[in-house]
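You will see subunit A twice below: alongside subunit B first, and alongside subunit C after that.
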Partner chain A sequence: MYDIKALYEAGSVEEAVSLLVEHPEAQIIAGGSDVLVQIREGRRAGVELVSIYGIDALRGICYDEEEAIRIGSLTSFSHIAADPIIQEKFPVLGEAVSLVGGPQIRNIGTIGGNTCNGVTSADSASTLFAWDAVIELTGPDGIRRLPIQEFYIKAGKVDLRPGELQTAILIPKKAYEGYTGRYIKYAMREAMDIANLGCSVNAKLSQDKKTIEDVRIAYGVAGPIPLRAVTAEAAVKGCRTDQKTIDAFGEAVLSDIHPRDSWRASKAFREHIAKVLASRALKESVLRGGGEICE
Partner chain B sequence: MYTGKSVKRVDAFDKVTGRTRYTDDLCDRSAYIAKVLHSTIAHGKVLKIDTSEAEKIPGVVKILTCFDLKEKHYFPTAGHPWSTDPGHQDVADRLILTDTVRFYGDDIAAVVAEDEVAASQALRLIKVEYEEYPFVLDVQEAMKDGAPQLHEAFPNNILKHTRISNGDYEKAIQEPGLVKVEGWYDTPTVQHCHIENFICYTEQVNGRIHVVSSTQIPHIVRRVVAQALGIDWGLVRVEKPYIGGGFGNKQDVLYEPLCAWLTLQTGGHLVKLDVSREETFVCNRVRHAIRSHIVSWVRPDGTYAARKLECFSDQGAYASHGHSICAKGAGSFPQLYPCENVEVDAYTIFTNKPAAGAMRGYGIPQAMWAVESHTEEVAAVIGEDPLVFRRRNLMPVGYEDGFSKNKLYTDSFNQCLDKAMEAIDYKRKFAEYQNQTGDVRRGIGMAVFWYNTAVWPISLESSSCRMVLNQDGSFQLQLGETEIGQGADTAFSQMAADVVGVPLEKVHIVSCQDTDVTPFGTGAYASRQTYVAGFAIRQTGLLLKEKILDYAHELTRMPVYNLDIKDGNIVRTTDGQALMSLAELATEALYSLSDSRHITAESTYQIKSNAYSFGCTIAEVEVDIPLCKVKLLNVVNAHDAGTLINPALAEAQVHGGMSMGIGYGLSEKLIFDPKTGRALNNNLLDYKLSTFMDHPHLQALFVENPEPTSAFGTKGLGEPPACSVAPAIRNAIYHATGVAVNEAPVNPHILFKAFTEAGLINDEPKGPSQS
Partner chain C sequence: MSNRYKLIKCTINGKEREVMIDVRASLTDLLRNDFRLTSVKKGCEVGECGACNVLINGECFNSCIYLAVWADGKEILTLEGLSDPDGGISDIQQAFIDEAAVQCGFCTPGAIMSAVEILNEGRELSDEEIRIRMSGHLCRCTGYENILRAVKKTMLKRLGKAEQ
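Presenting the complex of A and B:
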């Protein structure tokens, strides 16, 4: 039995916006895999909810007119993982969201909910950060788009203005064309777990596959919100794909990340794992891009 | 013969189709909902509880606090048989609600409301004032002079200390040439995590209290509810429907007394108390965390000269099963690897943590973690293959325990080891995985375990059975022993069908125990039920058969000694001729105008024996050193549980126990905040119960040496599967990496520390730094 004051169900984006304007206290519910848990815990007990779960227009993945990959915010994790566009151009996202919870959660959970929740451990978020994703928001004043790094404000807080809902996540063509990557979730269990650390790396190799032309790396749980390790990116950009580069990349991430000590894991442990994951994920990104680790 | 065959579970179809009703399905929707207010300090006194705001919530019926408990009847909660000797009774230290808080989560008030939302809203509005006392979370700290004291009657928080002293330890260690091996071993606080949380509902019916509860021990619940309320035991009726697991947590009286009291406080109304998962972790029972210190003195020939064990068992805030757990573990020490000179000191200590009670294995998983980790060290120190060392020192065939009269009749340990080793290809892998280098390494390790079935001669063992013949030749089978998901009903039905001589489908087991009508029995614990119920089923079945054949003699005019019941027919043994069906006989017996009889049988068998149930685990792991991660590649358990009644159910039982052992060895641990005493991870996300994805294929093997003392050649298998898995995994990690971890669970945090100390991980910046 859930302590819910009122539930308003929107049939379209326009209706959702007007319901949100009409009920400024109301919170958005999509799949409910986070919201219902919080209501049960008492954190959001007695809330008014606007359900957007019935808005089918927000489901599915396609290319937009500029060949950006457009992921509807209500697309479930299992649909993302099975989508042919994702499998062809952005398989690492499919791999990342396949590590969320268990099958039931992946069927009900949506990528929009995963990002609007604003938590650092979200399995999709570090990969979206690492692939320069753009967030599309629709509100009473129309549509606005912003880079995912600007969307995240602080832990649990995203730039969602009154009356707004997230309607899509876009990966511009220049952000995915030619890149291969790898996401490694580090958790205590192989399923039904939240990441102690998530690391998403991707690289674009030179024509001869011997040089890293570009590299991007983002972490979840290395700070209060997902973050890019820019020092590490700069340190190996233009470097040869050799073990020295792989090691240097791991070492360099320590300048960028600021994990904390908590009962879930110590800072020293998280830093150690962050280094190992960066090196391993870069190595696999290179291998997936057709390169090899040179002598 | 049905025993020995993997017949389908008698409850399978209803369970897989969702038709089976559990406690919550049975409760009428008119029930009031009760919720408990738990303390938010670890130790102190409740000064005041302000319920005024909470009472304003619509739907709130009544709020009752510790100050409303006018009659204080202290009661024990352990699911032990009652002892009529006051010296052997469990410690009675619980109250229905308490104003003295002894752990973070203690029960101080309760809300009764018309629905769950109103109850939850009211709970959040109750204001409590406390006087806070210092608290203590560590067993050895709690024993020190000046430590915070939990119970006046137990100075230095020592609930009990027992000592075993065999031979002369001090003299024995003077022998020249001995090697000393010493270690400290820690096991975590874990929880049972049965799928159905504890739930009960109570109602007053014609002046008596009717309790329906998800419990393993209905007859014990009846006694304790009465003790807690201060009423006659016969005024309480307890029903136990199907339950979703218990693993020992429900071998304790949990919230039945509180719920019954709330019923009495609300005019006898139906009240339901459904415990959340978060409460289950903290406010039910947990497994005792035990710290063990072992010193062994080993001769150059690889035999033990003298051994010593000290163990400190974390009881938490209330006595519950108390010292029984630690004592059982400690009792295995002189037996598993017998040695002439042994000293054992076992302590059970109160701390300001959730109360520890029974949990599958009852002290043996903790003891095996310590002993089998230590055994591996000893073998390493003297430079011997751990298998060879074990074989030399394990309990020999013919060993008899002077106290229990348990005897090892056959070479169970070596037979189980042989079987497990062959299945997992131990010898080849053991050799292949020596001296590896590199980031990812493999290892293989073993552990054995000691276990004994049932509780005789420490306390009562008896089983009662009733059989009631129907017109169609079928009969109802009733027992005090409970089905808790393990398949007991099926095994009992198989036994009864064989003894009476009817097809299995003619046995209608009454699964629900109802203390008003079910024969007395103390319930599911100590891996006892198949062993103890076997006696009562056999005895009662023979009694029923005697009555049937006596009537058959009337009808057939054949002498009883030439009659038998086979496959539901009355058979003349001299020529094998079926003279009539049991159905014809039963119908005639009920409706005969000349000699009508209601053919039933009922009897009690007191069991004055018990049996060892031994076995082993071998585990194979792959360790990713930089990631501090262990992947379990293969695991096999081999058991000698005597003759198996139902091999498929036995295998399932072993799988479940192995799964529990995997979590115990690698991931499960309830963590407490040192600043507040609050449990930090009392939910299934943060408490790392292992998932299917963390399990390799689980292999269960059996050596079937019939147990000579048993009615069906069988002995305990409920708990044994969970006893040796964790140390086998630990020993495999040791084999792979050379790093000995003595603290369970061996999770990545522990491995990070251990690998860093061992120099396998070096996070110092590489090369000289320029500044």
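Presenting the complex of A and C:
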């Protein structure tokens, strides 16, 4: 038995909003792979919960009217990885979420839950940061949308107002079209492990594939929340796809990141892998985009 | 408390069930306590070891971190549901025995249910894919190799292919 004070089940988004308004103390439970564990650990013991797990309308991936990729917040990691739209336009997200936990966790874990936790190590988060994802929230005053960078406030805290729940994550057309990317997770084990560092890079190449027209990079665990390495982005935008650019990119990230010492890894080690992963992920993004690393 | 209990309907191992449950129960609690399906083990109870793994609508879930109320309307399969009406065991269970993939047996039902999810896909997975798909299980005894062999052997047999 879980130490739950009360459980309210929502069958629709409207019902979830009114339950959340009615029970201001209640916390949202989606797949529960974090919430239930924290209840078990005692950290959230005695909570009131509003379960949104039964809202099937929040599952699935489609294009919206503006051709943005719309990911329902309750879509599980395994369904994201298997989705044809993701495989065609945004395969790096499928790869990133395939590194979360183990198979059973990927069946229960949801992308909405992964982002609403506000955890820096969330495998989906750095990739969503790197692809300019937009978060859709539905609350008593209707729907609002904001860039994922504004959604994260600080460690463990996201901009979720009373009565609100996350209903979708959108990737605008201009954010995915023409981009190819790579996510690299650095962890001790191949499964059931939390990233020491996660690095997601993507690039858009020029027509002749010799110049990096645009590049975006985001990290998990390089700071209290996922972050974009803007200095590094600026340093190689417009540069040729050569080894010098790849190396300069890795060097530049050090001005953007502030990892910390923890029992998982030291600050110095994290900085080292941040550099190496940035270069490696950029190189692979270029190769995936049909380019090559010229002399 | 008004909504302490809930009546749910679900299918467990092919039988339709209707049961009144405590909303605080996990699916492990429901399966073990109400239906005596004791193949569903309580290992870590925090979703890390896979001992409580069952199939829900054909997908694997750690039932210890799955609220019993969510089982409403779902189809659940546990290890007990694999045996035929006379109590005979299935090919994958036999393969676990043949390959010595069972020692203390605590992880076995959960691991076999992941194997069932794989086998139901009816396609050939590479060794690497099998490893990834079985990676949600901790086994303190076998060292995993025998488990992987049992899964592979059954997969190839079902596909009518001989082991190389």
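In this text, the second predicted complex is superposed on the first by the 295 of 295 C-alpha atoms of A that agree within 3 Å, B and C clash if a C-alpha of one lies under 4 Å from a C-alpha of the other, contacts with A are read in each partner's own complex, and residues count from 1 in each chain.
FYI, a contact is a pair of C-beta atoms (placed from the backbone, for glycine too) under 8 Å apart; a residue touches a chain by one contact, two chains touch by 3 or more.
What you are looking at is a predicted structure, and each value in this text was computed from that prediction instead of being measured.
> Counting only touches as set out at the top, which of subunit B and subunit C does A:A268 meet: first, second, both, neither?
first
> For A:A6, is the partner it touches subunit B (first), subunit C (second), both, or none of the two (neither)?
second
> Let me test your reading of the model: by the given contact rule, A:E251 touches which partner, first (subunit B), second (subunit C), both or neither?
first
> Please work out whether A:V276 is in contact with subunit B alone, subunit C alone, both, or neither, and reply first, second, both or neither.
first
> If we overlay the two complexes on their shared chain A, which of subunit B and subunit C does A:G32 touch? Say first, second, both or neither.
second
> Check whether A:A191 is in contact with subunit B, with subunit C, with both or with neither, and answer first, second, both or neither.
After superposition on chain A, A:A191 lies in contact with both partners, subunit B and subunit C.
> Is A:A45 contacted by the first partner subunit B, the second partner subunit C, both or neither?
In the superposition, A:A45 contacts subunit B only.
> Based on the superposed arrangement, let me know which partner A:I293 touches: subunit B (first), subunit C (second), both, or neither?
Once the two structures are laid over each other on A, A:I293 reaches no partner at all.
> Could you tell me which stretches of subunit A are touched by subunit B in one complex and by subunit C in the other?
Residues 1-3, 102, 190-192 of subunit A touch both subunit B and subunit C.
> For a test of understanding, state which residues of subunit C touch subunit A in their complex under the given definition.
That would be residues 1, 3, 22-26, 29, 45-48, 50, 53, 59-62, 65-67, 69-70, 114, 117, 132-137 of subunit C.
> Using the touch definition from the top, list the residues of subunit B that touch subunit A in their complex.
Per the stated touch rule, the residues are 115-117, 120-121, 124, 626-628, 667, 671, 673, 680-681, 684-686, 688, 690-694, 747-749, 752, 761, 763, 765-766.
> Please output the residues of subunit A touching subunit C within their complex, sorted ascending.
Where subunit A meets subunit C, its residues are 1-9, 29, 32-33, 36-37, 40-41, 51, 53-54, 78, 101-105, 107-108, 190-192.
> Going by the contact rule set out above, which residues of subunit A touch subunit B in the complex?
It comes out as residues 1-3, 42, 45-46, 102, 186, 188-194, 247, 251, 263-266, 268-269, 271-273, 275-276.
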